[in-house]
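So, here's a batch of structures to check.
In what follows, chain A forms one complex with chain B and a second complex with chain C.
Take a look at the complex of A and B:
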């Protein structure tokens, strides 16, 4: 009866171990809240990436004087908007200028014709009134989330602000992750005087208050961008990650599989980054996720206090700030960005918590 | 009171002294413009040389003639000595009776200029001479936008100290709501100027006392002059203006004579400074010329000896300070010799945040508050506001502008500056951001002032085509096709990319951001840089900026503008230089025929409008919220407080609603 035996063996092969990450993902998937949070973050990422296609006053694509252009790229980088439109004195008013300067032209505009950096004026789009200003800009058909006191559309600022919120989190924690893991790995794996030295460096950096650094930088630079803030947050918030990574490396380097790798002649760097690092990533991901949430809060807080990126800076914190002075009249300036910040930070925290429970055997609900 | 951040120059200092008088019925004048900004500091202490202190060592020795010789050797012209309250009463007596009673006016809503006029007409009337119906026991609570840093009039540096000094200080001169100057009848008996305008002789009253009971005499005035003109005494400003005074001589307790170096129409302004008590400071200054470090000076800092209508009785740093009426200010030997100040107590509460201050006004914790356009239009229209308060506005000569640093490659060319002025979206700025409550700007002198030329310029209108053509003409075109204008300067292609600085107030950042939007559409990259007020001033003073948004209040004399536009002048931040403007200012200073003098200022106005060293944006009016119990408020080109009578005319009726 060789066949059944073979079949059984094949079945066993099919159900081969999923590996650490596979198992973690499976466990993570079972947590509905964490999955919901993940979907929310993915949705926000998509919104951030395609913000100029969703809201904007520059066409996504247009044909002008025989050529095809993508003026909406100007939202990503000023120089990506073809200079022909400046030369032809469009002055950021596309709908009418396209028609008058080239009757043959056509254009696809974003879903919502609004701009995060300026007020849409009367008659920019045929028969369409300009945005209301002052405290009159309550949510309406043309301004879904209302307008701020200057008449900037809140929805447009929220959508474009997503780019800031998400990039602040990812970039700063990306920087922190790289620094933290490298330093932690070196300290934990090499040990000895390297460990002593790096541990002191970690302690030193922990003493630097990032807020003070940011304020100093804002005072020094003429044009403060969100990337400056991200860099500082990243460069000062890696210490927790480094400490965790160091502990993981200390623990893992004693394990048998490392000894085995060493016996097989693997180089020190190969062991560190191929074998130990992969296995120490899980616990490190958790502080990174929480760090993203914290970075978003820092950025919003700074913008709220007026120390954020140079204006016009369509960040959620800026919106909250503008709502503060007229809080009794303009609830929409508080509620929408407030909810967005709350949900995003909550989502990251839920993901972090889910990750923690999915990767830490002691916290597994099914571990008993 | 934002515009009062009284900065400037040492002259200011004096000036500040001067200002002391707001509280008494005379108000003193300033020699410099008040920069319009927050309650920050602008006055910079100068480094003091070391060595023994010699009072008045900055003044050349002067052999003053005897009083008899002096009187005989000159022909004298009598000058005006006036009581600002009487002037205001006489002015109001000529008006017809108010259309509404105070009660009816308080029932109105200030939502139109007609209602504003009615409200001011009814509530701005002064109390009768005998003070009938005034609640002399009343307390008024005013806003301090920052902490009171020093109570020494020589160390004034911010609007709060300026306000404090206005109520407690002592000075000789004042000016009314038309900015006409006079010697204050509260302190002066007579004022004569020699025909050659080189000497001023003033007889002071003999019923004046310091708060410690010592009489105030002419010697205090002469001493103050010498103290200020001592290089080791750290006054937070340069001594401009006072350097035009040759000597100040006290011939006896009452007679003070000012000798001037030249016959200038600005001499009157140079003489007005507030006065410190000689009997205190002649002992303490030699020990401690910093005025702040010695034990004595520390003691006087918290219990200052003052000569004005109010004195400090309580000071909680960072929270509040309280002034009480000095009975001996208006009583002399038991007789009333001056008008009794209307409030028993004046309390200043330190509130730095504008929204918090507005909430305090609404709840009745503040009695008066300056409002920004957004508040005037937004949060002050509901029952919540009108329950305790009324609001009123008046014309003010406070002007806002973009200052271009003409020493940078961007703005050295007049055509570029004109292009900038054409680029501003005035309509959006005035009607959307500023709620349509401010006036378009027509240059450095206000159109309602006598300095404004007859055929004065009309405000710029946005014309982006014109702006682009001027920029092309000036060589700023987009030669490399990257969408940003550039120009070859010294072999390098310089893109038109600059930083526009602004105080970090939200309404101002909005205006600057609007400019960025306009410039972006004509191929210029403008970075908006909000910053602290002190930092902004520092950068401007050192010319380390490319462009800045700022404002100036009005000085009492048009010559105060020279400090801003004359080549190399102290506050010519933008480095503007036009020899014709320099000459005209000099001529105006020596012109005594008023009409001709104002014509010269009109010429200056037109010359500068052509050059556009600033892009003049708008004039800000005065907007104030007042508690309904307050009466007697009127507006001057310098707001409701800082002129004669100003604060002195405010009162609360005995039977308040």
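Take a look at the complex of A and C:
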């Protein structure tokens, strides 16, 4: 728990005060919609983390030739799937192969037996037909959200695609936050020619059409991965944060507690990072939250345009793209991912707004 | 005022120089050139021999390093020559851009007019009816619309209005039999095609603006002079329109300046979805074809509009708020 640095925030009675973040949390909790949105995001995070346990064709845990294995880890990283299965020529067809190659074996499969990266074939699972392909894959008992033209299950792709959407949002805004805060802090706190120079840089990046910047950077890469996308989105969307951080630093460095810290002999960097930064975090958090929503939009937009990560890439935008090509027949390829994108963006916007009202002291004075 | 303007313009041209330099560096360093990135060149029978490519490279100045090429581009631009599009049979870039202006303006202007026509009454209405059930429902719907990404909305509308109900055409700007139609028929045809794109362009800004107006109005109606006006018996309508709304114009007017670039910029994804022959599509195609001069022409146009819009916003600020001066 960080010490409360801002006495303005402390309550005046003798009770131990909650500190700034504690109070902000209490305020945030009172907003029902924001809390609902937060629950939704937590739910999505859990879904992203445990996607291979929810839907997949690799057993969560199985016993094979006397050993216990966790083949579903292969969805996180190919090398985490035990090589024995490759050696025994399983070819990702676990249910039958386990039975024929070792009658003693047992396995727990994910809740839904479908795969985001390939088509489930006839009889892979006893008495189950394979996935339809082309434009016949409308939602059914086996394919809840239908299948795409290649016969990949849409539900499986969407659950695994949650990882992409959420990680793109978090990581790219993490990068943007670090860049924006550093540049804004240096410009605002040091002032003088540093400020003039950095302000020009901010203005420059703001004025360059972000699409050119992103598409040019994507085009320079041979094999685009989601990490590239995160880095690129992060490196192009920090300007708003930098401007806000600069304004906060300009304002805060005039406050009494900074003068006090300086009088006590604190070094410039210590004041900047321990005293000013901590107090400017709350306002900066708001554009970061809105930025996560924007980053998710950029990623799905890029995937829609065909500039996303190289295939196989079960991103929501890729689903939309394949849905657009056969829009006359395959409504399910558009409706389900579209709703997912909408709900995620809505949730982050609601959280951002909740944060804004919970941390903005101007709005607080009104309510007292 | 004059010195302020000169200072701003000088700063803007410096920024412009930097932007074009950075963008030129970026696009020249993308792999491929206009000669190799053209999809038509993928056909082996139409491929040009390496010697021919060398010759063309020299002809178009593609053999020079990018910083040298940038300055020759800059020299031409100063003489108002924006270059030629190599991938489109050497058509002048200015001509290519001018061709796309009507299509983009059709969408952006009508969406802008619609936005203002609808959002101001909506914002005022929700201020007056603040707290009632209908107002809260409308506000919630507007908030949801604000969060609905326009390309998702575009695809949903296409499924609903074009595929299921078959009321509107799916994409394009005109039907196949466009040439045979009468003038009225042509207008009606373009109107039908433009309807869905206009909705997609409008609803997001409509939600944003009406929320913006409502937020500003709520700040203003708490002011003392509103209470005074009410106390002396001014009718509620006049209070809202003349006393409150006029005082929220300041932030609204600055927003107008900032929408200037969007009048011509189009929207890449939306135009791609509706195969609308506008500026965004030209941009997207130009990037794909490594059509350097077209990309630079468009970038220059957007940057000039963005910087002009910012300047306009600041100047309008002084016009609507007499307290602000730039002396």
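Basically, the second predicted complex is superposed on the first by the 340 of 368 C-alpha atoms of A that agree within 3 Å, B and C clash if a C-alpha of one lies under 4 Å from a C-alpha of the other, contacts with A are read in each partner's own complex, and residues count from 1 in each chain.
FYI, a residue touches a chain if its C-beta (ideal position, glycine included) is under 8 Å from a C-beta of that chain, and two chains touch if they have at least 3 such contacts.
Bear in mind the structure is a predicted one, so any value in this text is a computation, not a measurement.
By the touch criterion defined above, A:149 reaches chain B but does not reach chain C.
In the superposed model, A:87 makes contact with chain B only, not with chain C. Of the two partner chains, neither chain B nor chain C is touched by A:32.
When the shared chain is aligned, chain B comes close enough to touch A:118, but chain C does not. In the superposed model, A:324 lies in contact with both chain B and chain C.
Once chain A of one complex is fitted onto chain A of the other, the partner contacts of A:310 are limited to chain B, with no touch recorded for chain C. Contacts of A:219 after superposition: both chain B and chain C are touched. After overlaying the two complexes on the shared chain, residue contacts for A:141 are found with neither chain B nor chain C. Once both structures are placed on chain A, chain A residues 219, 324, 328 are touched by chain B and, in the other complex, by chain C. Residue ranges of chain A in contact with chain B, taken from their complex: 78-79, 81, 83, 86-87, 89-92, 117-119, 121, 133-135, 149-151, 219, 222-223, 306, 310-312, 321-322, 324-326, 328-329.
In the complex of the two chains, the chain C residues touching chain A come out as 14-15, 18-19, 22-23, 26-27, 29-32, 143-144, 146-149, 151-152, 155-156, 158-159, 163-164, 170, 265, 268-269, 272-273, 283-284, 287, 295, 299, 302-303, 306-307. Residues of chain B touching chain A in their complex: 354-355, 374, 377-379, 428, 432-433, 435, 464-465, 468, 478, 481-483, 499, 504, 506, 509-510, 512-514, 516-517, 520-523, 525, 527-531, 535. Residue ranges of chain A in contact with chain C, taken from their complex: 200, 203-204, 207-209, 211-213, 215-217, 219-220, 293, 297, 300-301, 304-305, 320, 323-324, 327-328, 331, 334-335, 338, 341-342, 345-346, 349.
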